[in-house]
Structure formats: structure tokens, C-alpha cells
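Here come two complexes built around subunit A, the first alongside subunit B, the second alongside subunit C.
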Partner chain A sequence: MNQFTFTGRLKTSLIIMMVVGLVSMGLTWIWDDEIHTRFWSNYLHNASFFTGISLMAGFFIAVCITAWAGWYAVFKRVWESFSMFLIVGLVLMAIMGLGVYFGWHHIYHWADPVAAVEDKIISGKTGFLNKNWYLFGTIVIVGTWYFLSSRIRSLSIAEDNDDNDTDFAKHRRMRLYAAIFLPIAGFTSAAMVWQWIMSVDSHWYSTLFAWYCGASWFVSMICLTIMSLLYLRAKGYLQQVSVEHMHDLGKFLFAFSIFWTYLWFSQYMLIWYGNVGEETIYYRTRFDHFKPLFYANLVINFLFPFFVLMRNDTKRKFGSLGLVAGVVFIGHWLDYFLMIKPGVMHTAHEHLSHGHDAGGHHDMSFQLGVQMPGFLEIGTMIGFLGLFLFVFFSALSKASLVAKNDPYIHESLHHHV
Partner chain B sequence: MSAVVSPIRDPLIYGHKSYHDITEDLVSPTERTPSAPWVIGFILSISLLGFGLFCIAWTIWHGIGTWNLNRTVGWGWDITNFVWWIGIGHAGTLISAILLLFRQKWRTGVNRAAEAMTIFAVICAALFPGIHVGRAWVVFYFFPYPNTRGPLWPNFNSPLLWDLFAISTYFTVSLLFWYTGLVPDFATVRDRAKGMRKKVYNFLSFGWVGSAKHWQRWEALSLVLAGIATPLVLSVHTIVSFDFATSVIPGWHTTIFPPYFVAGAIFSGFAMVLTLMLVVRKVLHLEEYITLNHVESMNKVILATGSIVGVAYLTELFVAWYSGYVYEQFAFFNRALGPYWWSYFGMMFCNVISPQFFWSRKIRRSVAWTFFLSIVINIGMWFERFVIIATTLARDYIPSSWSYYSPTWVEIGIFIGTIGLFFTLFLIFCRVAPVVAVAEVKSILKSSGDQYCGPDAIHHGHGHDDHGHDHSHEEHAVAESVKEEVAAVVEAVEDDLKKLEGIGPKVEAALKKAGVKTFAALAGSDTNDLQTILDEGDGNFMGNSPESWPHQARLAMEGKWDELEKLQDELQGGKY
Partner chain C sequence: MAHTNRNVIYGLYDDEEIMLTAIKEANAQHLEIMDVYTPFPVHGLDPLLGLSESRLHIAGFIYGLLGTLTAFLGMTWIFTKDWPVVFGGKPHWSVPAFIPITFELTVLFAAIGMTFTFYIVCGLGPGVTNEVLDDRITDDKFCIAFDESEVDSAKAKSFLSSTGASEINKKILS
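After this line comes the complex of A and B, so read on.
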């Protein structure tokens, strides 16, 4: 069972998920306001979330290679396959960029040509917040991520088929690509987060924001890894992935949930303590109009994994580990919802009322899909998840599951926590 | 710890060391009379410390006016030095705690010294908040105390107070961690010592005897402390960053400060570890324990954290522009092109540009380059704090209050004094405790000694040339190499032969007397030879037959205890 077979049954299920997504997006489009705010914000939410997850998978392989880690070797194909979604992410985010370019949507306040001239703060940012940077920056940067990830993957597969590579020449070449990937990912992921996500609140800024988003992506990636491995194991694949590997993944989930919380707290604490109106407005909006999610974010993404995974045995039992992974995955999806929706809605309200003054009053009464994800948001998410898994499984089926010639494979097979 | 080591890994202990060699090499520096470089270093350090104490006394006697702080620049060299020293302290906990959790074997070569360095650096740092208040006799104002200031204890909402708690907690945990590691090593020193020295080390080692129970508790405690220390590493410098970032001073009030301070602290801490250890390994001849592989790993950490700091610098710079907030923009303009431009460029060059040299493997593995760059980085991280503190304060919101600050001899003297204090403590440490953790180095010998892995291995590593993914085949390969390894170290090891059916204490004694000490040796023996040993041995072994022993021994040697048990069920008194 060293070869994953992408069965017709699984394909059908994933296609059904994607159809659910398409129907949800279609309905969203129909029932939307005249500028399709809900549709586009859902699109951005999911596209950026899943693209980020695949970036983190590629990035983390690079980290592991550089750090000479051995334990992950047995299931590294899973991360490699996650990272192959980057090419799809490139298309998804390029569509968002084309939308900025041709004015298909009004997600970003700065993309409004009038605001770019009249709004004093936005006009100061047009050197970075502009359609060219968004579209071409996205294409070049995500393209680079994909290129480096796919180089690492193809070397890894080539290593598999070359039993005479006793000097590990291929692995040494992978080290080179991994080392190049690290600084590139470090710098460019921040630029992309600012473009894609932070700029929905066009006036607001926070230096920590990019790392906060990155941590959220990383935790989601670990959750998805745990769930995928549990699925594959249940289907009889990757039996070499033992409770020891799952324990380590559980430790990563635990540690990085705390790290995410640390970044959340650092950002919140400093803004709260500084009490500068331009900064506090970010939390004021979320606190006033998104209160359930504001708290749910911390409960689901911090308290829950913290208390459940604190014990040793919950990380070693597949049931509890899988449960936490599933819940926290949804938690971080909600976190992205909370990052994106308030700013987008603010921009949309201003646009629809044709007022460009920042202080303009607008209706923020409760609305499903704005303050809380509704069925259509869930459906859209199912669709994107289906797409992600489809790409993942088809990439997984193209190579053997265990990279038998990885220099660390024996360490990984005999891994003990 | 995984028993299987990848063939791509390099050894971490060179020179084909035995356990005894390790004890000898690492403990003997504490037993010899001090060498000339040590004495010279100690006299120099203690003189610097003396001068520092004089400057502190001068400050307290004459008042804080002997410093050049003014109404605009209220924090100068004092807080710069404070943050610098706290930052340096970080690598110790990172190496001991986080790298322990990540099972990084190379930590064993440097963790002891790094932890010691942490403690000494925190002591140096703690000096500054104490004296920069000027009236040192009312320094207890730091502590919240429920009397004259009413029921509110108002300073609870000050990050400066949080800092006090954070650092004292950090200091306590670091000390415990360091001492825990020292306990078995102090016992080793004790076991080799005589007279008064033996008594002292016996006291220090808490009567450690190295029983299984002791080790078990010791390992549990190490892990617990590592778990506690890991969030502490982050929290300490986070709270130091809060000292600045909670304010609304442009250039200070930025959300990236907490993680960026932590990364910078680890960066500078590793630089200081390298500065110290490169000297120590040379003077104490520890090149076989603190190898170029260790140096390279640390240089990689420096490159990574230096680049994280670089990302943070550029993020700050970019967001200052992006924010559209003119004061923030000015703060950065002033840093880069204002009167203190030299410190900003010093910082950028030393912290962001200089570590990039470590992209080259050659430089990463060059002792001279590493030593030079580690000092450059130490200087750069000092500049960073100076840029953040003095440069930012010197030009605030109101141009009429703009000022310039340069230190007096007293401030410089106190800084030099802390360097003296740091080295004095470190040199004493080198004399009284093994500077490399003896027990921990021993724990990695079998997996990372150069006789077990790497190009000079005598005993081939596990699964060396087998890459079959077939599990049973691969198990077999491992067993094969285990066999080789066991056979190779046959003189050094003794097995409990009584585990085999038909062998009692007396037979075992006879076998061992005849040189058959291990399962491996027994497995390779001929039954006729064994019979001869029995016949010639002291005692009556008429009832014993060695026919099944080699077979049983082979199973025991390969660790196939289940199979052995099955076989023993079938055997009758060790006979087929």
C-alpha cells in the first residue's frame, strides 16, 4: 500500500463538495447586494485561507530540510502534495487581482479610483496598494512559491526512483532550494498578507499582522495534516505513521496554537494599551458588531486546544487529536472570516451609500454572512475544501506514499518521542 | 531519542571517545591548577568589574546627574545595556529548553555554558534598573506594596513592573534548569575528588548516586522545566518590548515589537554563546566536543534569526511609510538620516547584512569568521537598542525639546563593569563545573560519536546502506547492524546472561571469567567450547547443557525478546 489510489468514490465525494460550493456561491451571487459583496468576500476568505495553507506546507518542508529534521520523512508526501495546491491558489488569487484590475468587485476601499485620489490616507498608500502590485505581485510571488515547492517535490520524487544516490546528491540539492525558499517566503508572505488581507481595512495597519496571519495558516496546515493522515491511515495507507508521529504533530498543534495566541495577544494588548483611535477602531468594530466571533476565536483557537492537548495522552489518541484538529481548523477559518468581513462590509456600506467619508454612519444590524457565517459561507467553504483535497489527493496519487530514499527515512520509521 | 541515525548526519563527538575519555576530558579542567590565560583573563575581568563598581558607587554618591541623561533623553546607556544583556541571556534557555523539546542532539555540546551565560547575563541586566533610578535606597518602589500609595497599587499597570516579575521568574527557572543539569555532573566530579573537595561536591550534587530512579526523575524534571522555560523565553523579551511598545512614542508603539524582540534576543544570545565557546573550546581543548558541526548549527540559527530581525526592520520601515502617520514616518527618517544615522547604519549592517555571510558553508564552518562575525553581531544588537532608545527619544513631538545625548565616563564605566562581571562569573564557572554537560554528551555518544556515524565510523550505523521500504526486510537490516555494533564493543559491555534459560549466577560467573561476557559473544561461541568452559570452571555444572545458549543469545542480542520467550517455553532447562 505504498501507492495511493485516488478512487472514483473519493473523487465523486469531492466533486459533490465542489458542487455544493459552486451552488452556494451561485446562490450568494444571486441573493447578494448589487456589488456582490458577500460573494467576493467569501471568495477572498477561502481563496486566501487555502492558498496560505499550501504555502505553509511548502514552507515547513523547507524548514524541516534546513533544520535537518528526520521525524517527518515518512509522511512528507502529504506536505508536498499540500503545496501543489499553490498553483490553484495562484489562479484563485489572480482572479481576485483581475477583479481589482477590471473593477469586478469593491472589496478593497483603496481600489476605488476616487478614494485613491480624495482619501488622504489611501492616496499616501497608492505606491503599494494599487492594481498592478496586486495582480502582478500576486502572480510573481505565488508563482515563485509554487516554483520552489515543485522543485523540492520533483527532486524528492526523483530521489525515490534513484536507488544509487548513496551520496544523497538530490537531498543536498533540496537543501539549496529549501534555503532559498525560507527568506523568500519570509519577506513575500508579509507583502501578500498586506495586499490580500490587511488592506481590506485600508486605513488600518499593524506591523505584527503578517506574522499573525502566517501563524493562523500554519496552525490550519497542521490541523489538515493531522486529519489527512488519520484519513489515510483509516484507509489502510501510511501504516508506518505511528502514534509517535501523531504525537509530534499534536505537539506542533499545541505549541503553535499558543504561539498564535501569543501573537493575537501581543497585537491586541499593544493596541489596547496605546489607545490610539486609528488603531483601536479595528478591535472596536469587531468587539461591537462581531462579539460572538471575537470571543469564539479565542475559545476555539486557544482555550480548547490548550486544555485538551495539554495532557500527553490526548495527543496520542487519534480520536481526541482528530477532534481538536477539526475544531481548530474551523476556528482558524473563522479567524480569517473575522479578519476580512468587517473591513469589506465597511467599504461596501460606504460604496452603496455613495459616501466616502470615513466617519459615515451605516447600518450594522445583525446579518447572516456578515457577522456570522451562514449556510452559504459554510457551503462555499465546503466547496473550496473539496477543491483543495481534490488537488491534494491527485498529487498524492502521483508518487509513492513513503519516500523510501529520503536520507532520514530510517530515523522517521523508528521515531520515538 | 531515536536509536537510528541517518547516514547523512555528521558526528557530534570526534576522536573515538569512550565514556571514560569524556569524563576525563570534560572534568579535568576543574581539577587542574588554573592556566596562565585563565589567570590573566580573571585579573582583567575582575579589574573591569572593580572599575564598574567604582562607577556605580560614584553614581549613587553623586547622584544620577553624573550621567548625561537630560529632560528629553531619559533612558540612555543604562536601559540600552539592560536590554542588551537580557537579550544575550536568551540563547541559554533557547538551547536548553526549546532544543531539548525538539530533540536536537547538538545542544549537548553547548547547553551548559549557554545556560550559565544566561544566568550571568541576567545578573548584569538586573543591575541597571536598580541603579538607573538614581536613589538606589528606594529601589523597593519597584515592588507593588500596599501602603502609602493607597489601595490601588497603581504601578501594577506599568510594563516596568511586569518586567520585574518576568525577569525574576525567568532567572529562577533558568537557575533551576542549569542546576538540574549540573547535579549528575557534580556527582561525577565528586566521585573523582578527595577530601574537602569531595565533601563540597557531594553537597552540591545532593547525594546523587546515578540510580535508575534518579535518572528517571532527572529526565522528568528536565522536561517539565523545558516546558515551563519555553513560554518564558518568549515572555521575557516580549515584556521588555512592552516597556517601549505600550507607549505612544513613534518608533516604539508598534505591534511587531514582541516577536521581533524575541528573535533579536535569540540572535544576540547565540552570537555571545559563539564568542564565548570559540574561546573556551580553544583554551580547554574541547574541539572534539564543540565541533565545527555545532558551530555551523549555531550559525544557521544566527542566520535565521538575523533574517527574521531583518524582516522586522523592513516591516517597521515599510509600515511607517504605509501608515501615513507623519510622526511615525519622521521617527524612521530620523533614525536613518538624523544625527544618529551612524547607529542606525551600524545596526543594519551588523544585524542584517553581516549574518548573510553565513549563507556560505565555508564561512559557517570557519572559526575565525564566526568569531569575528559573532562580535560584530554583539555590537550590532547593542546599536539596535541604542537606536530604539536614545535616537527615538532625542527627537520627540516638539522640536523645541529636541536634544542630543552622549554618555559620560561613568555610564561607559558601568557598562564596562558589567562586562567584567560577566566574564568574572563565567571564568569562575569554568573552574568549578564541567563547562560541557558530561552526562548529556555521554547520552549522545552511541548515536553521534564518530566511531558510530560519519565517514570514520568503525561500527556501522543502523540501516546504513539499506533503503528497502519493505518493513520486515528493513527490521532485519537494523538487526544486522545492531549485531555488528554489539560485536564491536564487546569488550566494553556486559550483558545479563542469566536472562537465558539454563544459565544461573554461577554459570554466568564462569562464562564471564572465561571472557564470554555478552549475548554477542555467546551467540558466536561454539557449544563445544562452552562445554569446555563449564568443565574447567569452578563448580559442578553437570546438569547444564549449553546446546541452546548460542541460539538464545542471538535472539537476546537482536532484541527479539518475544521470540526468545517462545523458545524458552519450548526448552526444558535450557535443553531442546
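After this line comes the complex of A and C, so read on.
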């Protein structure tokens, strides 16, 4: 079976997931405070999370093409289809940008026109953190990501339909687009992380935050790849994807979980060591109000994959690999929750109290959906996941599953670790 | 270890794929292979020779754990009991500051421990000389060797020539 059929049953279940998401978002909107903080923070959390995953899929194809790698060729359609979600991500993040532009939400402290003038730190950042650049930058940069990813994908499909392309002209062209994509994705993803995610804590910054977010996106992308491949294999597709490919994906999951931890710890240790109040406030908030999640983050995303995937055979058994992929995927979703919620809640409290006090004075008693994801957060996540998978499966069904004319396809089919 | 002399008959192959096919053939004929020598690790060789998975990594884990404990408990003792010093107003038991050194010692212990274990298991070390069947097996030749006390030498010879060995030689290993 070299052609994926997007069955009606699968479509129905994904649509049900999306309906669950919409209902959750609707309920969040109704039960929210007057500026809809919970709704918009959940929206930003999931939209940026899934957009980043699709970027990482497109980016990693570009990495593999540039590195002349062959092992992934047999399932490259999966990554190509992941990257097709970027056009939806563009719309999702543009809505966020329009919200900044027209003042629909108060997620970002810097978007407050009074703060942008009176607040010294924020007024110093207005060259980058302003409503025009937020909207313009998001559309242009995510649009560029989508353009380059879709060029690579359409060349890859064209290559498959052209059996006479003996000098690999199409692959050479793909290599050009991939090489252009690498520096663009590298630099612009950092800019997007700053403005989408890091700027919810408008006073605070960390120079390795973009790497940290990127690593989180990358690990989530690998988790989703493992789970999708296991699903497709169970449905009888992609039988050419062997335990050897899964082993390599398991190694990526293991290695990049450690890389994520390295960045997480480096950021923490430097701020702890420097002991500058403007920086430590970031962790102070998380210690005081998000303690269970703060430690759970480290256990789920580091200790669990580290000790389970350390052995050779757990990476080669689909049960253990799939379990780790599922748990770590949720773990990184929680990581994003922890990046976004505290800063957003702080801004909301200041906005609602119409004060500009430097924080710490507001009531932060335990609330589901603030300190810990509640049912509505989980529902929203299910909705976004359903949307992501819907786009993924429909892109997957539009081309053959195994790219038979890829120059590296035979290397991939006989892959052996 | 006292060895008795071994009469070895061996064939040199130009390519690892030809050699791998030959090993499959030897297994089919139930010829007892003494050893295989290659200039680099060849994929898929271990299962063909029926070698069990190396246990070196288990030793590596234990060494690593030992390094973790040495570093962490060592620093804990030094900075809280033996010689407490205040650094930048931080508490004596400052776990974040211990992590980099703990990591380094984990890697160091695992690396050194595994290296020495490997040398001891393989009987390598300063002053040890190993007789090499043919110098070219460290360069570009792939070698299948038979012990004449284990296999019939005529059979081994005909096997080597029929499976594409470019050279067949005999040597006595002391």
C-alpha cells in the first residue's frame, strides 16, 4: 500500500477531536475573566506549540537534505506533511497578531500603549516588541517557512512522478532550497520565539530561550513522528519502515531530550548564579505558584526518557518507544504551558487592577487552568491536535507514501544501524 | 595464558560483502570459524558469528553511576562538613553549582573505566605483543580464519577458494 487513504472513520474521529477543542475553547471564553486571559493564553500556547512542530519537521528535512542523509528517505512524506501545517500555523499566529493589533487580548504587557511609554524597560524594547512588527513579522516569516517547505515538498513529489530524471536535477534544486532554509529557519525561529513566547514576560529575557524552545519543539516533533509511524504501520502502511528507522528516531528522542535538559539547566543555573532580581523573578514565580509542574517538567522530559531509552532494546521495541514518545510529547506541551501561563497571568492581574506595580502583590491562590492545566486546557489541546493531524493526514493522502525516485531511497530501505 | 601452537588456515577477501556472504555459506556448511579480522567494524557481522551483545555498556553504566556519586557526595561532604566556604552568599549545599562537576565526573569515570575494562578483557596493555595473521587486515583486507584442529584443512581450503577469497595462506600462531 503505497497510497494513504484518509478514511471517513479517521476523518470523523479527528473532527470529533476538533469539536471537543472548539467546545472547550467556547466554555473557556464564557467562564473567563473580562479580558479572556485563559482563552487567549491557551490559544497562544497551542498555536505556537503546533506551529513550531511543523517548522521543525520542515527544518529537519532541510537538514537531512543538506547533510546528504539517506536513512529518513523512506518516511520523508511524514515530515513533509507535518510541515504543511505551517500554512494553518500562519493563520493561527496571524490571528494572535491581529489580536495585538486591534487589542482583542492583553496577553502581552508590551502591547499596552501606556506601558510602552511609561515603563522604561518596555519602552526600550519597542523597536522589536510593537504591534506592527508582531503582525508583519509573523506573516512574513511563517510565510517564508511555508514557502520553502512547500517548494521542497512539491519538488519531492515532482521527482517521484518523473522516472527519467537521471541526473537528479530536482534533487539538486531541493538541495538549494534546503540550504537557503537552514540559516533562515535558524535565525527567524529565534525571533519568532522571542516575540510569541518570551515576550509574555516583557521585562525578562534570556539569551538561550530560543534554543530552549526550539529543542522543545524538536523533541515534540520527533515524538509525533514516532507515534504517527507506529499508527501508520499498525494500519498496514509503510511496512518498509523497520525497527532500524525507529531505533534512529529513538536515538534522536533520547539525545534531544538531553539537549533540552542541558539548555533548561544552563538557563536556570546562570540565572541562579547571577542572582539578579530582574532575572530571578522568572523562577521565583514558578517556584511560588507552579512548583509541582516545575519539577514534573524535569522528571517527564529528562529523567523518564533518559532512563527508559538508555538501553538499546527499549529503543528497538515499539511498545516502550511509543510510550516514551507519548509521555514526552505531553511533557513538552506542559513545558510550553509553564513558559506562557505565569507571564500571562501576571500581565492580566496588572491590567485588571489597573496598576503598574512590579508584581508579587496579587492573589495567586490555586486555580485550575492557571497553575495546572484543567479539563478545558486538555480539551483545547485535543482540538489543536485534531486540527494538526487532520492537515497532516490530508497532506499525506495527496502523494505516494514512499518516494520511489528519491536518490537515497535504497540506502534508506536497507538502513541498518 | 599458555597457548599451544595453532595451525591457522585463512583466506583474505577484498570486500566485506563477499566476506559476509562467505560467512553465511560457512554457517550453512557448519564449518567452525576460528575468527574473523576486519580493518573496521562491519555491519551485521556479530549476529552472523553468533556473538552475544557486549556487556561493556553495563560496566559503563556502573562506572558512570560511581562517578555521579563520587562527585555529588564528595562535594556535599567538602562544602558542608570538611571546609564550608561561602561563595557569593549561596548556601553551602548548592546543588545547581554541583551539577556541572557531577556531569563531568560521570563522563570521566565511565570513559576511563570502560577503556580499562576493555583493555583487560581483550588482554591488551603495555608490553603485550599480539601476533597478527597478516598486516593487511589492518588496512584493506577482510580475513576469515580456521583452526586446523577444528576443521578439515582440505575442506576449509576449498571453501575459501570457492567463496571468492583472493588469497589463501597458512600460519602457525604460537
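Definition applied: the second predicted complex is superposed on the first by the 415 of 417 C-alpha atoms of A that agree within 3 Å, B and C clash if a C-alpha of one lies under 4 Å from a C-alpha of the other, contacts with A are read in each partner's own complex, and residues count from 1 in each chain.
FYI, a contact is a pair of C-beta atoms (placed from the backbone, for glycine too) under 8 Å apart; a residue touches a chain by one contact, two chains touch by 3 or more.
As the structure is a prediction and not an experimental result, all values here were calculated from the model.
Chemist: Subunit A superposed: clash or fit between subunit B and subunit C?
Modeler: clash
Chemist: Pick one for A:Tyr205: touches subunit B only (first), subunit C only (second), both, or neither.
Modeler: Only subunit B; A:Tyr205 stays clear of subunit C.
Chemist: Between subunit B and subunit C, whom does A:Trp104 touch in the aligned arrangement: first, second, both, or neither?
Modeler: A:Trp104: touches no partner chain.
Chemist: Please work out whether A:Pro183 is in contact with subunit B alone, subunit C alone, both, or neither, and reply first, second, both or neither.
Modeler: Touch status of A:Pro183: first partner only.
Chemist: I'd like to know which partner A:Phe147 touches here: subunit B for first, subunit C for second, both or neither.
Modeler: Once the two structures are laid over each other on A, A:Phe147 reaches no partner at all.
Chemist: Which partner does A:Asn2 reach: the first (subunit B), the second (subunit C), both, or neither?
Modeler: After superposition on chain A, A:Asn2 lies in contact with subunit B alone.
Chemist: On the superposed three-chain arrangement, identify whether subunit B or subunit C touches more subunit A residues.
Modeler: Per-residue touch count on subunit A favours B.
Chemist: Tell me which partner A:Lys125 touches in the superposition: subunit B (first), subunit C (second), both or neither.
Modeler: The first partner, subunit B, only.
Chemist: Of the listed stretches 488-496, 524-532, 542-550 or 560-568, mark the one in subunit B with C-alpha atoms clashing against subunit C.
Modeler: The one stretch of subunit B in steric conflict with subunit C is 488-496.
Chemist: What residues on subunit A does subunit C touch that subunit B touches too?
Modeler: Common interface on subunit A, subunit B vs subunit C: 269, 273, 275, 416.
Chemist: Subunit A touches which residues of subunit C in the complex?
Modeler: 43-44, 53, 57, 61, 88-89, 96-97, 99-100
Chemist: Under the stated contact criterion, what part of subunit A meets subunit C in this complex?
Modeler: 265, 268-269, 272-273, 275, 310, 312, 416
Chemist: Looking at the complex, which residues from subunit B come into contact with subunit A?
Modeler: Interface residues on the subunit B side: 1-9, 101, 230-231, 234, 238, 242, 245-248, 253-259, 300, 304, 307-308, 311-312, 314-316, 318-319, 322-325, 359, 462-463, 465, 467-469, 471, 474, 478.
Chemist: Which residues of subunit A touch subunit B in the complex?
Modeler: 2, 66-68, 70-71, 120-121, 124-125, 128, 163, 166, 168, 171, 179, 182-183, 186-187, 190, 194, 205-211, 240, 251, 255, 258, 262-263, 266-267, 269-271, 273-276, 278, 400, 402, 404-405, 407-411, 413-416
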